[in-house]
Amino acid sequence: MIIVLKNGVTEQEIGSFTEYISKKYNVGVHVSHGKNSTVVGLVGDTSRVDEDSVGAQQIVQSIKRVQEPYKKANRKFHPDNTVITLNNGVKIGDGNVTVIAGPCSVESEEQVIEVAKAVKASGAKILRGGAFKPRTSPYAFQGMGADGLTLLQKAHEATGLPIISEVMSALQLPLFDDVDIIQVGARNMQNFELLKLLGKVNKPIMLKRGLANTIEELLMSAEYIMASGNENVILCERGIRTFETSMRNTLDISAVPMLKRLSHLPVFIDPSHASGITWMVEPLSMAAVAAGADGLIIEVHNNPSAALCDGAQSLTPTQFDSVISNIKKIASAIDKTI
Amino acid sequence: MIIVLKNGVTEQEIGSFTEYISKKYNVGVHVSHGKNSTVVGLVGDTSRVDEDSVGAQQIVQSIKRVQEPYKKANRKFHPDNTVITLNNGVKIGDGNVTVIAGPCSVESEEQVIEVAKAVKASGAKILRGGAFKPRTSPYAFQGMGADGLTLLQKAHEATGLPIISEVMSALQLPLFDDVDIIQVGARNMQNFELLKLLGKVNKPIMLKRGLANTIEELLMSAEYIMASGNENVILCERGIRTFETSMRNTLDISAVPMLKRLSHLPVFIDPSHASGITWMVEPLSMAAVAAGADGLIIEVHNNPSAALCDGAQSLTPTQFDSVISNIKKIASAIDKTI
Amino acid sequence: MIIVLKNGVTEQEIGSFTEYISKKYNVGVHVSHGKNSTVVGLVGDTSRVDEDSVGAQQIVQSIKRVQEPYKKANRKFHPDNTVITLNNGVKIGDGNVTVIAGPCSVESEEQVIEVAKAVKASGAKILRGGAFKPRTSPYAFQGMGADGLTLLQKAHEATGLPIISEVMSALQLPLFDDVDIIQVGARNMQNFELLKLLGKVNKPIMLKRGLANTIEELLMSAEYIMASGNENVILCERGIRTFETSMRNTLDISAVPMLKRLSHLPVFIDPSHASGITWMVEPLSMAAVAAGADGLIIEVHNNPSAALCDGAQSLTPTQFDSVISNIKKIASAIDKTI
Amino acid sequence: MIIVLKNGVTEQEIGSFTEYISKKYNVGVHVSHGKNSTVVGLVGDTSRVDEDSVGAQQIVQSIKRVQEPYKKANRKFHPDNTVITLNNGVKIGDGNVTVIAGPCSVESEEQVIEVAKAVKASGAKILRGGAFKPRTSPYAFQGMGADGLTLLQKAHEATGLPIISEVMSALQLPLFDDVDIIQVGARNMQNFELLKLLGKVNKPIMLKRGLANTIEELLMSAEYIMASGNENVILCERGIRTFETSMRNTLDISAVPMLKRLSHLPVFIDPSHASGITWMVEPLSMAAVAAGADGLIIEVHNNPSAALCDGAQSLTPTQFDSVISNIKKIASAIDKTI
């Protein structure tokens, strides 16, 4: 970390400042006197140095981080990719492309089993399904809750597919025993109390990027989970909020190579939420695989028009089958399998 | 709500569609046949109509809401301003300007009592202080927790000032019995499970706007609390995330007149988080009062350089006193008191 | 276009309004009386209807466009892809992928000829090179100007590659006689006077999307050129401005399928400006081809460290050769050639 | 400027690099060797140092500017406010608030003279009126052109008010002889060729901030004009583009105190374009004055419903009179006059 001091600071001020910083954060300090400004470099593990606090010191003009503020999620300290293996042997992050598919929300036993069978037949390896649904309106369908999780378990029994579902609150966590991967939604990406609890859970966590969160903030939220003890975190880019209005969100495709470079964690793309439009799921999925994504999470519904949420972005099983066959072409071209 | 149907839909399709909509949402339906397109108007209470679900119907081209999707927070149905009266008689939303001030986080008994006395002397009516702190980094100071709330209570006893503090999780709620106003932070604005619980609490809630949430989404989150039973919600604009980098956030000053027009709830501005810069608190506070804000929430610390969080945006008591004297001039010019 | 009138308008007001609209814009009018609101539908060519003007009428509550406001750029009226053929037979938009490459700015005869030969050998079909450079700072290198265009012409003579270069002002246009494609930079996307002049030019125009312009605005700017007489417009997405700071811009990959659906014009991606980072050009190029882009425009420099602009995002010829070989794999997988 | 070098660079590489930088930009160089990284500080006038070029050097990890990249617009080098005096004695930037008002576009002699008389009577000191109009659609009214400028001159003769009007192209400049202040619109803020030409003009320039341009970019564009010889630049914040949809743009009120601190140039606010809504002009104007703006530019039309552009945001003369009387209260409270 590079700290630029204001013009005109005295030697004594510099001495007090560097002593304070060095003791408080247990870092080495290197002072460099320029003609116009004095620069203090911090040496060692600066991830615990609080920029706000240092920046508030009266003699500090500005600060520049040189090291990333995350450690456990940082590829520099863990050069090898994290590979997550689920109970049934499905692997995530092993260099291939893992497809997760299923309905936005679980609506009935028939629905979820029918969709599960269909997506499995097409090539999906994991079943998604919402039981607790974050909805902008209190008057919109809020999900089936615990019953939804029970139906997902039935779909698992019928197909063998591992299950992923979203948790919205610490109070719901005890219900997630039979879920294979717990999802944290975009709106909860910085629900730090929830993240800390998920760090104590012995299951992989899929962490979705918040609508207006930077890549660094996403990695810091992954760090919350990892620092609490759970290192099996899957990152998911699902579109960010911009000024563009023709799609629901703007897919930040560059997040794939950037996250793969900065971190060793698997990176997924959610083309359904990114666009909010059925016909756009295919080209975005193809782009995601070409850009190096480890997986995709796609909404599929047996009857999108009757879906209780997100119908406009759900594929039919037939459409999903077409998407799979097209992304297989891209994956194959770069020596990956779906 | 206006629903534009695709070209070429048949009379039978229109009939099935309108029957379905009218029964599902208990609304009246009015069909209008144009030359190029058929338009369906929904009449009655459309706040429960799910745009996603309707938009997913195959015959629908696009949808336009005419009514706002919120009811309890809507000024149309509650023309008079909501006025909230605290235990000690302090009023919020009565046409004057209420100033809340205090440290970002509670750090010690001495600190919080010293700050409380100072801000009271300058004219603050409510004491703020963070006990649970949402921090981007898991390695940063996370607040004193329950002890922080105890110290706030001591500051209340020493000064008589009512207290506001932030809750981050349902699990923390039982600790907030002595808090006068519960704050929901920007990152939890769409933590819908928490909002529902706060709807059962018999205390005013200050709801801060999320970094990338629209004004309509803020009102929908207020609606969550109100629909669950608690109508004492205070809205707070604290800066949104944009491309501009010279300030921490961009204060959306237009949110003040817009929220006052759309809703009857009190509207506060947080100039400290909006800018993240000490010297900018004063001009932004003056602008907020001029734009019609019902109150301000300002960070004050007796020793900003040593603050455990947000030191760079905290005023000293002396600076705060100057801010108060300047906003009094503006308030007085428009016949309000601080 | 659907116009929702305010509650309580009289029959007489509606009559005057519809007569005014119908005469002013030569469109048909269809009035539909609902219980709560009256809706006026406009029938016919509404692309000339001025939303601002209609929206300012006192009896109007809100407006919803049903048709797109552009006609010549609209795929609805021109279902077939526009294919542009350059003098030497190079085709753009014919279903394959056309690669444009070259230095950010022309710096010397040796440099531009060396780069031209290298990119041609790797598979580029068109040479890019900046003679007039839009720079944020007046103190930065502004390009070689007319001399740069002369050197580009020499590179053309040496390699046979057609040339694309950016025009920044109407006053420079006479110098572009030997340029094969004229580029309009992102900062000039809404320089409407320049667009009108380019509509009179008998050369293809590459129109780059502005940093904060919507897809609809990009198409409206294309419409300016086309409405003035030049229908050979190439659209180029080059990254938009968002809150994310780890890349220079955020590549809006969804713009590719969206533009291809809305318009018949060829769509290019500029991965160099989108990311501003050398190593990210390859994954973004692969994603662009997978998403359906008609071409790429990539910065290549024989010595990026010494480049007078944009060195950090320029590939060496060797790196460019690797990018080409990887995008060939993607293109081949979807039956396209480079 | 602080340049952080990559780990493992050799003494020889550092030597070549510092010699290169020091000669190329005529700056002093100070090398500081830390344990983990070497930091190079540049001393002297670094405004001409090209960050792109330096950042592209292979041994450079990252760069941090310490000085601002603009000089002539920088308050550090010109501590006193720039005060601009027009022919008739009207002053801009003298510590008071100057109000500019008039129609979005000039439509007829009667209209512009009627509006001019009305706004003068209310207290406006300068008349605005568009002759050349930047419109998103080529099919929308493009302004009266040269005739519009003639009518503005007649309004000047009838009222004595100085005139401001927007130029869109170098080719139009010769028509602006009788205009007192030339306006550069938001879409042309980075039309650098136009800015250079305006640097040769002997009239004040009002430079509007682009929709997605940072405060630093605005000052760099002002620097273009000033570096070309014209130091009479007025900065104008008119709303930036964000994700919020309830207003046309988001007024960045913080830009006022930030620009006043960074620069000595006068700062105006355009509340009409910032909001796009008539009723919001008043509270935003009041906020702007409270925040320290040097002036306002407001759209007024004698018959907004019939306005050929921007009717929805134009005030009637009566509404304008009310705005003026309210901002006078705010101005008076902070010892300024309108």
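Just so it is clear, A, B, C and D label the chains in written order, and each chain counts residues from 1 on its own.
As a working rule, a residue touches a chain if its C-beta (ideal position, glycine included) is under 8 Å from a C-beta of that chain, and two chains touch if they have at least 3 such contacts.
Not measured: the values here are computed from a predicted model.
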Most distant chain from chain C, judged by the mean position of its C-alpha atoms: B
Where chain B and chain D are represented by their mean Cα positions, the distance between them in whole Å: 32
Whole-Å separation of chain centres (CA-atom averages), chain B against chain C: 40
Contacts with 2+ other chains: residues of chain A: 212, 241-243, 245
Contact graph of the chains (line, ring, star, complete, other): complete
Of all residues in chain C, those that touch chain D in their complex: 47-48, 50, 52-53, 55-58, 69-70, 132, 134-142, 168-172, 187-188, 190-194, 196, 210-212, 217, 220, 223-224, 227-228, 241, 304-305, 307-312, 314
Residue ranges of chain D in contact with chain B within the complex: 212, 214-216, 240, 242-247, 250-254, 256-258, 261, 274-275, 279-280, 283-284, 286-292, 326, 329-330, 332-334
Interface residues, chain A side, partner chain D - complex: 2, 4, 28, 30, 32, 34-37, 39, 41, 43, 61-62, 64, 66, 212, 241-243, 245
